[in-house]
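Same chain, two partners: chain A is paired with chain B first, then with chain C.
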Partner chain A sequence: MDYVAYVLYGIGIFFNFAGVVGIFRMPDPYCKLQTSTKNVTLGCISIMCGLFIREINLGLIASFGVKPLLLALFMLITNPTASHVLAQACYYAGVPMWSKSVTDHLKGKKEAGSDER
Partner chain B sequence: MSPEIIVMFILLCFAVALLYRVIVGPEDMDRIVAISTISPITAIILALWGLEMHRGIYLDIALVIALLDFIMVVAYSRYIRGEL
Partner chain C sequence: MKKTETFFGVWILSMIFWMLFTWSVDIQEIIFGIILTFVVTLFTYDLWLDTKLLNVLNPLNWPTLFVYFLVLLREIVKANVDLALRTLNPKLPIYPGIVEIDADFPSDEAYTLIANSITLTPGTITMEIDEKNKKMYIHWIHVETEDPKEGAEAIYGFAEPFARRLFS
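This part shows the complex of A and B:
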């Protein structure tokens, strides 16, 4: 049963690595947000599930409980939300997109929920 | 050496590598994206360390760090939109 946890650790490390490489290599903040959010969220969730399995195997269920799964659920909810809020604020604050970007669905639209600007 | 220590070391290398992007990032947005990526990695390192030490209190600290990261990102977003 421990090997399942080790495989989950490996998946998590791979996706975290992909997120870090994306932050280093992507050209503008929007691409960086996309790669970092997807990959780091999936990596964190899989590492937390592996930690839950390890905790059951080590007999620590009394002191740990379901807190790892709770943390994974919390990250699953808040990490994409924060990324979306940050990307929207970034767009309306006028951060330029990459020069080779293909599409821009928000061009010409007014900002939702705000009067001026 | 338990596998948690190895995973912790690798994730620590990732976090230290992201500090480069925080320090020399060309714009402010790059810095804030890198910081919001460091925080979940820090939470995971704390949880793994709690499993290594057999103490459950580290998971609460990890939860608080994840919560503070969310609040920080939302507050910064409102700040650069001029609503704060």
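This part shows the complex of A and C:
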């Protein structure tokens, strides 16, 4: 059972690493948000699950085992919300998109509704 | 009637979380938890009055929730592998853009569920929701289609039936 936990830790560390690399490599804030949100969410969740499995194995479920799972649940709820708000705020604050971006369907709406905000 | 129901729903929900956090059936912990969650509920239950979030307490919805979590987990893993490969690829193969998709849902909670599911799955972040015109604006890291219908199917097709069933 311990080895399952170690494998989960390894997966988590790999995805967190990919998220950090993404923050450095991506060209604009929106793409940075993409990598940081998703990779870090799965990374943290798998580390939490590894912790849970290890605690079960040590017989500590009575005191400690469930908390990592609850943390993972809260992370699932709050992480996308936070990144959505950051992306929206970036857009309406006028942060430009990457020059090689393909489309921008929100542009017309932003210009039309600029007096409301 | 609605008020009483909501009050007890919120109370039970916070009590469940209290017991999960303390993880103890000691009589002291339980009595203190009941008092504490009662006070918290007293101050916050009116936030829940007009929402359908308490649908998750209905046992009839639990199988749906369970299946939804499994599907969501699968999509998250797919998303992460895809995005990690893109990030670590030396050529950085991304074609980012903001696309408009159709989104017609019965309630705010369904929109929230869909928006969060979208943000957790492959290369997409919800930027803006327009409930009046029933549109969503998505930042997509690898734009495959600019058609609103196809985009909707590709982006949130997996989560749609669950949102309709849970929060209709």
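Methods note: the second predicted complex is superposed on the first by the 109 of 117 C-alpha atoms of A that agree within 3 Å, B and C clash if a C-alpha of one lies under 4 Å from a C-alpha of the other, contacts with A are read in each partner's own complex, and residues count from 1 in each chain.
Following the convention adopted for this analysis, a residue touches a chain if its C-beta (ideal position, glycine included) is under 8 Å from a C-beta of that chain, and two chains touch if they have at least 3 such contacts.
None of these values were measured; they are calculated from a predicted model.
When both complexes are overlaid on chain A, the residue A:88 reaches chain B and chain C alike. By the touch criterion defined above, A:56 lies against neither chain B nor chain C after alignment on the C-alpha atoms of chain A. In the overlay built on the shared chain, the residue A:4 is in contact with neither chain B nor chain C. In the superposed model, A:47 lies in contact with chain B only, and not with chain C. With both structures placed on the common chain, the touch criterion links A:75 to chain B but leaves chain C unconnected.
By the touch criterion defined above, A:34 lies against chain C but remains apart from chain B after alignment on the C-alpha atoms of chain A.
By the touch criterion stated above, A:67 is placed in contact with chain B and with chain C alike. When the two complexes are laid over each other on chain A, chain A has residues 19, 33, 41, 63, 67, 70, 79, 81, 83, 88 in contact with both chain B and chain C.
On the chain B side of its complex with chain A, the touching residues are 3-4, 7, 10-11, 14, 17-18, 21, 27, 29-30, 32-34, 36-37, 40-41, 43-44, 47-48, 50-51, 54-56, 59-60, 62-63, 66-67, 69-70, 73-74, 76-78, 80-83. On the side of chain A, the complex with chain C involves touching residues 14-15, 18-19, 21-22, 25-26, 28, 30-31, 33-35, 37-39, 41-42, 45, 62-63, 66-67, 70, 76-77, 79-81, 83-84, 87-88, 91, 97-98, 100-107, 109.
The part of chain C that touches chain A in the complex is made up of residues 17, 20-21, 23, 76-77, 79-80, 83-84, 87-88, 92, 94-100, 115-116, 118-120, 123-128, 130, 137, 139, 141, 143, 146. Contacts from chain A toward chain B in the complex involve residues 6, 9, 12-13, 16-17, 19-20, 23-24, 29, 32-33, 36, 40-41, 44, 47-48, 51, 54-55, 58, 60, 63-65, 67-68, 70-71, 74-75, 78-79, 81-83, 85-86, 88-90, 92-93, 95, 114, 117.
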